[in-house]
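We just call them A, B, C and D in the order they show up, numbering each chain from 1.
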Amino acid sequence: MIQFQCDYNEGAHPLIMQRLLESNMEQTIGYGEDPYCNQARLLIQQACDNSNVDVHFLVGGTQTNTTVISHILRPYQGVLTAGSGHINVHETGAIESTGHKVLSIASPDGKLTATQIEEAVLAHQHEDGPEHMVQPGMVYISFPTEVGTVYTLNELESISAVCRKYALPLFVDGARLGYGLCSPESDITLPQLATLADVFYIGGTKVGALFGEAVVISNDTLKRDFRYSIKRHGGMLAKGRLLGIQFAQLFTDNLYMQIAQHAIDEAMRIKSALQAKGIKFLIESPTNQQFPIFSNAQYEELSKKYLFSFWQRIDEEHTAVRICTSWATKSENVDCLIEDIENL
Amino acid sequence: MIQFQCDYNEGAHPLIMQRLLESNMEQTIGYGEDPYCNQARLLIQQACDNSNVDVHFLVGGTQTNTTVISHILRPYQGVLTAGSGHINVHETGAIESTGHKVLSIASPDGKLTATQIEEAVLAHQHEDGPEHMVQPGMVYISFPTEVGTVYTLNELESISAVCRKYALPLFVDGARLGYGLCSPESDITLPQLATLADVFYIGGTKVGALFGEAVVISNDTLKRDFRYSIKRHGGMLAKGRLLGIQFAQLFTDNLYMQIAQHAIDEAMRIKSALQAKGIKFLIESPTNQQFPIFSNAQYEELSKKYLFSFWQRIDEEHTAVRICTSWATKSENVDCLIEDIENL
Amino acid sequence: MIQFQCDYNEGAHPLIMQRLLESNMEQTIGYGEDPYCNQARLLIQQACDNSNVDVHFLVGGTQTNTTVISHILRPYQGVLTAGSGHINVHETGAIESTGHKVLSIASPDGKLTATQIEEAVLAHQHEDGPEHMVQPGMVYISFPTEVGTVYTLNELESISAVCRKYALPLFVDGARLGYGLCSPESDITLPQLATLADVFYIGGTKVGALFGEAVVISNDTLKRDFRYSIKRHGGMLAKGRLLGIQFAQLFTDNLYMQIAQHAIDEAMRIKSALQAKGIKFLIESPTNQQFPIFSNAQYEELSKKYLFSFWQRIDEEHTAVRICTSWATKSENVDCLIEDIENL
Amino acid sequence: MIQFQCDYNEGAHPLIMQRLLESNMEQTIGYGEDPYCNQARLLIQQACDNSNVDVHFLVGGTQTNTTVISHILRPYQGVLTAGSGHINVHETGAIESTGHKVLSIASPDGKLTATQIEEAVLAHQHEDGPEHMVQPGMVYISFPTEVGTVYTLNELESISAVCRKYALPLFVDGARLGYGLCSPESDITLPQLATLADVFYIGGTKVGALFGEAVVISNDTLKRDFRYSIKRHGGMLAKGRLLGIQFAQLFTDNLYMQIAQHAIDEAMRIKSALQAKGIKFLIESPTNQQFPIFSNAQYEELSKKYLFSFWQRIDEEHTAVRICTSWATKSENVDCLIEDIENL
């Protein structure tokens, strides 16, 4: 079976494996304070064009979301998110486990708007007794979103502005950040993101690393004691250098963006083939996740050879699935899929 | 500097690195349900001589302790531990972050006794209003302990018996399990541990792996929904196979025990050299951590070449330090250290 | 101003005040183990026609909801509720503060159906990785609901059946229980409720007491150690007898139902007057809360003399308000209001 | 049986009951924003000689401790307390339920010293990796302590100074505040307390009220959003005026101090009788709790007529008990007890 069901089927980019191997028997101190982590921090600061941001390395996405959100919020505050946000549906209550309500806002395309955020804030400022409701304390968005859509620079600026108006830190989940930045529909750069968000992370797990997410904190007031929060949430890797080595490699010679671009290129080829075949999409995604709606017969036929993610039943006769590409997707597998789509 | 300050200075055993490299571009499903994890589970069940135990793989120790303890306890219960227990002092309140009190019992050598456990339970069964105190809900011990000591089979049997008498699940933190099992003073085997403990874990991070801890659950009532708890605590690695590959390798051809034995052998050589020199120890440890008390002059001299962990000030003139060996310790570095000890 | 904005404007029923006064200087032991609490327990068991239920007294509703829900759920579980449920909107995240997600289901009339519950359960049993989502662990409904509606016996039986089918304890928030039981549209009795729910509470704060909620647990598996949970959540009143005295009085000579009936009678008089005037309602409520939609002019006129709760803006010209009656509502105030409605 | 086992055996001071009765059928708005609460706030500000303090009313002590502590601490911080502190032993893990470690310091007399606090802070500032330990975030002391002892002004000034030096808010649990302020060994006044503590509470439950604790916040940075924290912890009483009425009465005509003085006077009479009889004390307490060590025969004899709290077994032949007086203690009962002590 050729697997297109997610973007974490393979290990790491070969250059990363090579660096891990070369450094394997070196001795370093632990917990992210080794020279490799320091090097990776520097490279990420350079990529953000901002030597003032704090950079921390965590192992996975749920852990990162939980650590960042619980670090920011006061106990009685909640986090605003699109209803489809990963923290709202697919983290087994990890955010709530830290005592915070996830305040979800309906969003068919997975994106929040500045207006929705402002409305949500005002709805919680009930003149008579706001303290009976959770206080919105920050905003969480994903870039790209859970359903592959991306914000434009203009949209992100509006969101950032409304967040600052109401003193709500803006946190951008970048588990698939590379795929968002390389999307043909995105006009956002890493330095812009570092300016507009108060904190965001650069996903490694889904973009070339064995595992790892790099948290970038640009808002000074959020920097203090972040290592305590990492440790408390079990996110401080003993051999922290494993993260440093990986991110140092990803941010050397623009590797992160290059491999992300590959995934987008392959996704766009699949998308074109689907469109050419007249297949509709559940959501119009410009990133590495595509959500075609197959007839059940089509789905069955392709499932003989390919693994997709079942997404949702559309009607008796149709099913939406998710097809993912990644940094590791082989072009010959995509060729093969395209041919099979054409032959449907 | 030659580093003896901890047992996680290097990467992973070369055989593990090789397997990671070989499998790197294979496609597998995620979250620990891949063939490598299944293989590792089977090998660990075989090593435990028990095909009924559940085996789960997590990334690190704090995460594992938090996940297991919060999975077991009812909300108003606490966990009994030696005062020096890792969960009590060095996890930044990770256990408390899940709402549970750590009920610490003073223990100079890091070990709990069956009698201490029974006394603690009875002290919380105050006839008049026990509900005003936290209810002891489980027992946590480390094997070996934070200070390198080990339980004998006899001691562990007594603890297990008192735990069962009071329906307290017994959880054994095995972050350094290999070093305990290989200790000349330990007469406990893995199958015995799996029988006497309700849940324990086999530490990989400190014994040959890049990272990873294998949780073994033998008590049936604790097995249900453990994967939910892993996910909720951010411990479900997307590329779960990385853990499966490592543990499969560690439990092939007895590698885990072999490399642990190496660490013990080297530690015993250092210990002998220290004893020969007349140097006293803070604690009599039969495992890979040694706690000599150096005069400040000795400490200063050795610190020119070696990195140890400062442990505690003994008096104006003396300092206790921790010297660790590990699976990765080079014999020539130990030779060198021994020579320098002799020359002190 | 005559206050109709809520059902907790006054103190307690005079008979309760009298009993508090008479017993004031008696000495009793604390924490709910005094003779008055025992008497109240017995009376409530009799009213439930079930000598097997456990009865506990807590101070307020948010505390009671938090204590019951966190007592029942496993850490990774959440509670199913209507979106309008008090725990979802007006408790400042108290449920989430205990680590649990509130799983809300859209419901325009504040009621859940058995079908909705079953669908929600099935939606969380995703064949492929249910552990990435919170597991539904119990069902919370209010009787009457936040918007004054009531379940029929038939509806409650269906809900109870589906809960038992999926092993989900059913918890009924009875903050206004008396007003539900006395509603002309309700055919449920207290003994039936005690049979169909696993745990529910009898609201005192809004039905005649100074404060206090009586939790009734009929499911044996939920009874164990409930006092620990009360204490842990700050709900164990030192002078517990204050609760016992109040509930003993409320359950003597059917006082609880009599005074609830009074509130319903007065509410129905107001409702009729509003209907006669041709005023529409936001929700058709058969209990002590009425939700008329006034023109802004009408609202302004009545607001000169009466205090209502603003509920929501309907359009530029209309506003929905909440008018509450209670055990303490004076008939002459209702007469007065009716006259003013007629004169609008 | 005459009850001396605790200081919450009776209801409320008759003047309070009278005010509750008089106001019973008045209509007020809820949640502590009524005129009675406002009046009580003003009276307490006057008693503190500080019109800038915020005053909030909660129902009970555990709830108050939990609300204040969780409001102050950052997630990874803990609260320093004497080992005997109520939050450490008798609150069923309520503090830990909010995710915070209780950092206990051994203290035979229940008091912390400024030196102990400083040492504890420094011990958590381990140069190498402080983030592996919980960070001390505030200091909790009781006045008087759990074992009846009191701080002198000088001691409290030192504690306050060290707390400010390390930016640790100082929280004083005043569940028995009146009894501390009236102690012959205390030279602290309410205005001084309001200056030296960042937040403290004035206990009503044990000093004349049916229930209720008045939280006084003098540190501006802790004031924001405190009502959210109250609500989230289930402490916002619907009929908040019940608290306002009680505290307004207690702070009218110096009632609070007068009735506290009565308890002290009676306690000192009992103490003298015990001393005259040559009976030793477990702790030398100058407040309303006395801890005599009786021979078992003495204990048995007195237990025929009096209820004391068993405190601890001293040896085979002796038992320490707690004898409490309160605002409600009848002098004739004390006379009687004294006579029986003399006749032992």
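Here is the rule we go by: a residue touches a chain if its C-beta (ideal position, glycine included) is under 8 Å from a C-beta of that chain, and two chains touch if they have at least 3 such contacts.
Since the model is a prediction, treat every value here as computed from it, not as a measurement.
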{"item": "Relative to subunit D, chain with the most remote C-alpha centre", "value": "A"}
{"item": "Reference interface B-C: repeating pair among A-C, A-D or B-D with over half of contacts shared", "value": "A-D"}
{"item": "Where subunit A and subunit D are represented by their mean Cα positions, the distance between them in whole Å", "value": "49"}
{"item": "Between subunit B and subunit D, centroid-to-centroid distance (C-alpha), Å", "value": "42"}
{"item": "Distance from subunit D to subunit C - Cα centre to Cα centre, in angstrom", "value": "33"}
{"item": "Residues within subunit C bordering two or more other chains", "value": "75-76, 91-93, 97-99, 131-132, 135, 228, 231-232, 236"}
{"item": "Interface residues, subunit A side, partner subunit C - complex", "value": "75-76, 78, 89-93, 96-102, 128, 131-135, 310"}
{"item": "Residues of subunit A defined as touching subunit D within the complex", "value": "31, 70-71, 74-76, 98-99, 129, 131-132, 135, 225, 227-232, 236"}
{"item": "Of subunit A, residues touching subunit B in the complex", "value": "2-3, 5-6, 8-12, 14, 17, 20-21, 23-30, 59-64, 66-67, 91-94, 97-98, 205-206, 210-211, 228, 231-239, 242, 328"}
